[in-house]
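Once you scroll down, you'll see the structures, which are given as structure tokens.
Heads up, the next two complexes both have subunit A, just with different partners, subunit B and then subunit C.
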Partner chain A sequence: MVRLKTRYLLCEVLFEDGKVQDGATAYMLLNALKDSIEANFGDVGLGAVAASIQVKYFNPLTGMAIVRASRDLAPMVWAAATLVTALRKRTCLVRVVHVSGTIRLLQRRAIEFNRDAVRLLRAHKVLAAAECEAMAAAEEARVAKLDA
Partner chain B sequence: MKRTASGGAAGGRQHGGHAASGADDPHKQLNSKQRKKLKQQMGGLQSPAASGGAHQGGRGAGRGESSRGLSSGLAEGLPPRQLNVTQAIESRAAEISSLERALANSGEFTGTQRVFQTVPRHMRRRAASHNVKRLPVQIRQRALQQMAKDDQPQPTKKKSRKQRRRADSLREEFLLRPAQNKWLETHIWHAKRMNMIEKWGYKLANYPNDKSRRAAHRASKHQCVLHDASYTQPVQIRGPEHAIAALLRQFLDPTFPDCAHSDYARGDRRLVVFMHERGAYPAKALDLVEIMWQPAVPGTQDRTAWIWTHPAAHSRVAAVLAGAADSDAEWQSQLAITSLKGEFVRFQFCGPRSHAVLFESLKTCDAVDAPFVNQQAHDVWSHLQLAQSATVVPPGVLISLTVHDPRLAFPVVVPSRLATTDPDEDPQDNEDLVEMLKSWPSGLAAGGIWNETVRSQLLAARFDNKTLQARRSENLIPGTRLEPTPTDARIPVLLVHRGSAYTASQSEHGRRAEIAAGWDLVLPRGWAMEFWLTFVFAGARVGGLRERRDFHFEARLPCFPDDFPETPAYVADAADLGSQLAAKHARTPKSKRPNYDAMQVDSPFEPPFLSLLVADDLAAVVADVEADATSADQVADLAVEHAEQRPIVVLHSPSIVRAIHAYAAEADAFEDLCEALQQAMAAASHRRLGTPRDIALPADAPAHIAASFVRVAVTPLAKGSPTDRGIVYAATPEEILAWHAVTAAGEARPSTASLGGPVNASALSHLPQPALDEIPPADSIMGYITSGHFSLEHGRGQAIGCCRLKSLHAAIQLTKHTLESALGHSRTMVNKNGSLRIIARVRCPTGRVCRLAALEIVP
Partner chain C sequence: MFDLAVPEAALAGDGARVLGMLVRFGFRGIAISVTSDGNLNKSKPCQIDRSKYAAMLEKAAGDAVVPRASPPLLAQANSDLPRSLAATTFDLFTRLSVVLDNPSHNYSISSGSPIVASYDILAVHPKTEKLFQAACQQLEVDIVSLDMGSRLPFHLRHPTINAAIQRGVHFEICYAPAIRDSTARRHIISNSAALMRATKGRNIVLSSELVQAFDLRGPHDIANLAALFSMNQAQAMAALTTNVRAVLLHAATRRDTYRAVMSMEASGIPGAPGETPDDHENPDARPGSAARKWKAARLEDQDFISFDDLGGDEDPMDM
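== the complex of A and B ==
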């Protein structure tokens, strides 16, 4: 009757060369995490974590990933994620943005994160103003439709 | 090219396909249930690469590792590419929308949540997942549908015979019991809220589960307290009036008003009187009974009288009455004595608000088609609406009403006392009420409740709650009260006023108390819960036996049977309690319990009234056997034999107590006092109030009077609160003088005026300081306390106990002589109302100090 508690980690994978690879899958990220655990925490660490670690979601275009681990091992997984250096020989950096016990709250945080990213892109004047406004308007309309 | 590829991959293919991204091992085959679970967890959120790839490759090739491998291989082969900002924002936006969709979709309807998880916080119950009844009615259907998908419970084995014979619910079990049972009708309601004890053959409520003693006391003074007293049961005697009266006179205390006096025999009032064994007055008191007569029914010769008895004595009373009726040939043919145990339900109300609660709850029916409707009683009852409390009503009156089923008007709203005065109110109504109270009409007790046919038909006419709900659902506006129809039951009830001359004489303060002068409601069997719920929802607080005892105590009234050592009911209860306390004492280690031997307390668990008589018995026995040279041991044994467990004799008649107050100071010798009392008894029992009833006192009456006790009300002078089973000692002359010196004109307690200022500790130091561990000798014990503790009403301790008349007489004489030798007169030992003041010392069984207290003899 003991409850198995989990932690969900919202991670952002940033690649050094700034490019995106469509073929990158969640499985690749999982392997990278496991390699990092084995390298930093040894066989013991890998054995402890192997049963409970999962990459639930990975979007290579935005670099967002949701990793699931059991509550007690979450710090270890977090450390291992931070120490990941490469994903399939492409240098990358995994940044853990948020940790949550439920996936719902994590999803909410992910939405906020993405909105912040869009604002950031806009703020650095990367796009022309008109194009930017058009995109923002389209996005807001879609969001409003969902809320209604 | 790049664009289309990216567009194709990023295009809205987030939904659909099967989830393969969540699996630990992509080569492991997921079955449909696991896939579905995964999908539901993600709420439709899919990694775009996997879903897109699978969709691309899986169309024709089916699901499986081959397609997956193919898709990942295809996508993997693409080199990393630069994403321009528009595409970046697009992808972010797509992700946002898919996340939002996932959030919106996760919930009950995707199967991630169950309906019992969506219930608001205050309605959540544990174990609602498998017990649908714990959920609100509206969502039970949905919950059942979801439960159907759970693992089905194992098929249960066939029940054993014992299980099959068991009732399905508590209510069913109750209904299957016979009428003569241990549970009152309101048992289940009480059992959920109160601490229950077994007493007198019933399971009764002792006190509520909350810490509400003070609240109950306040409620009894200002609000309404309700108590289920259905354990008191009547014995019915039917026959010619003179035969009933003659039979009863043999048992009842002759110094009380006659049972056939016109006030009572017409059925206007009820009589509270002591019942003794046949011809044994003043000894062998059985019970404190109430006698009610049914008003004479025109056309019949026979009259009906009910004798309401305490449950501990009910069987004995019925037996002795039946035995006496059988002994006389004439009575045998004329009188029919039956026990109506279980036929009635009785509720006691205490508090001024109870009048309003009753008035709003009892909806009288005036229909002429209903038989036995006493229209005069209904009119009187409606006039009584203006009365503020039941205490204004003449004591002991009976009112017979016929009321509608209380469930029709449920729930009743009692108007607030703070509501503004009614402009239509006519001051003439008040005058009418006063006139009515002064000249109370006769014949109000006639009604259907006396008739057993009517009572038995009521049970058949009672419709169940399902019918009631169906009727309520037919209402256009929900919540409308139902109108009574001709087929609905019309319930005859009897309102009994609890006041009596006896109660009024017991206590100055108690005369005005709500507990002494409230309403009792007598209902026919089977209707208890309907009325009970109406009263409770109208605002009545419910009290148990402890509350009842507390209310009597605060009004300085003795409570039956706890303060009546002359009855077998008290003897049984005290023995029971004594054995419980003794067992607890024996279980406790010696260092944690009081050392009663060292404190010279012979019987700390049960007041040993009989031991006070042993000394006399001993002297008598010694006198007898002195002639024969028997050993001291044998003499002691014989004395102890005399003092077997039996009730003592208490002079409880108000007229005898008045005689004691009148003669105790004058009569120098105890024998003179006894003589005077005997004459008073004889005078009271001869030709009283116009009815011939010369009742000869038994031959051993003088001996009983000599060995008798009287009830005393104990008030501490300064500090201290006497406890149950406390010991009352006689005071010394020094203490008597000191008391007199402290109080002006010999008042009972030191007052502000006498001390020239507020009463404080230094002023009270004039009273002799009680010495520690100085225990008076055993032969100065006058009596024991039956109920004693701190009184909320008076803000000090008080107690009720019993003292030996002989010891009290000695104390009175001592006081008289002390005062006369010191002051030259002894006027100050008599109160304004003629009662005597006696000073005594009181000690608790665990106490090391004896404190001074004032005693007052009460009936």
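== the complex of A and C ==
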């Protein structure tokens, strides 16, 4: 049977203005990625990737995003992600933290990343301690459900 | 992993943020660079205050890293550090980038010049083919950095490039202009392809040349981006790690060598073996000082040994 191989990229989206309450959604990130692919790889790139690129998870507070792409196009999607400079006019950068062939193995790394990100938010007093706990638990549950 | 092109102007703005991001992305050293034009006789020695940036780094990164304001250029000097320390040091080097557009200034770029000796790394930006040849074949420089963001005014020829590779001179590709500007991106992609063809992937260094904090990218992101610059994964990782070490080695041999005798410096970390407490006040501990002592030395009478002094009545040829 011919398998459809995929790559899951665990990314960190850092915003320059540091504001975390803005309503950035997964849809906005997907559009930013597609714009980057169109600007750098043109119609050919966009056509190749349109069917397989998805933003499976995005949390603007912690900056964690999980992007799915087909295996052959993953380097191109990764390069396009590196070249993203703004999300809806807010300067940002995308850093790929981990790449995995299955989402199950990515979840482990994602949970670690989430814990560190929430710890940072708490340290910088962006969120209160109780909110942090609640959010950490909620996000871990969300990530754990992704392989369903 | 080092970033060899961090302009001082970028650190003047929100320097703490730039340094914090560098640490967070996994960089463990930078070369703070200052640009000057070819006429070095009119410039001043290094004005970069490394302790100021070390302090900025401590504030930005806390105890994630231990900043070193006068790190040794050679990796071997780090072997006497305890392992826990070696993984967390952040080295601050200084770099002079000289824009070469006038051949009459070539003579001032020699390792004897005190201005050049006050920086760790020397890079040149040649603007014409003749100056590019001079930089690759004759001048004592560590890095030849072409302006990849715009059309190269000359072709890159194999003999010139091979001469540079044999001398240990490295070529630099800066990725931050590709992130900022679309036209620069096209030129960088095309010029990198030409450079990779001429060098066959050897002696390339990837650095940022950032203007603002958000021009930075993590090392694995840069390695992946380098695929656009015609580098494969192995070449890209080498350009970020091994070749950078090779540049520092070249800089060390350029500055601290006198007639093929090398000097080793103290590691610059208090408490490490070999470091005495008052080294920072002792002018003899400054980099290059051992080499300077050799240069200033003169032969004296006691240096000549007479055969009578050697002692022993036996003829060494008697078995």
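In this text, the second predicted complex is superposed on the first by the 112 of 148 C-alpha atoms of A that agree within 3 Å, B and C clash if a C-alpha of one lies under 4 Å from a C-alpha of the other, contacts with A are read in each partner's own complex, and residues count from 1 in each chain.
Please note the rule applied: a contact is a pair of C-beta atoms (placed from the backbone, for glycine too) under 8 Å apart; a residue touches a chain by one contact, two chains touch by 3 or more.
Predicted model only: the values in this text are computed from it and were never measured.
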Between subunit B and subunit C, whom does A:85 touch in the aligned arrangement: first, second, both, or neither?
second
Where does A:75 make contact in the superposed view: on subunit B (first), on subunit C (second), on both, or on neither?
second
Of the two partners subunit B and subunit C, indicate the one touching more residues belonging to subunit A.
B
Given the touch rule stated above, what does A:16 touch, subunit B (first), subunit C (second), both, or neither?
second
Under the stated touch criterion, which partner chain does A:44 make contact with: subunit B (first), subunit C (second), both, or neither?
neither
Which of the two partners, first being subunit B and second being subunit C, lies in contact with A:141: first, second, both, or neither?
neither
Touch test for A:96: subunit B only (first), subunit C only (second), both, or neither?
second
Which part of subunit C faces subunit A closely enough to touch in the complex?
21, 25, 178-180, 182, 185, 213-214, 216-218, 220-222, 224-225, 227-228
Inside the complex, what are the residues of subunit A that reach subunit C?
14, 16, 39-40, 75, 78-79, 81-83, 85, 91-93, 95-96
Give the list of subunit B residues in touch with subunit A in this complex.
5-6, 9-10, 21-22, 24, 26, 41-43, 45-50, 72, 74-83, 85-93, 95-97, 99-104, 106
Residues on subunit A engaged by subunit B in the complex (per definition of touch):
15, 17-27, 30, 54-62, 64, 90, 103-104, 107-108, 110-111, 114-115, 117-118, 121, 126-127, 131, 135, 138-139, 142-143, 146
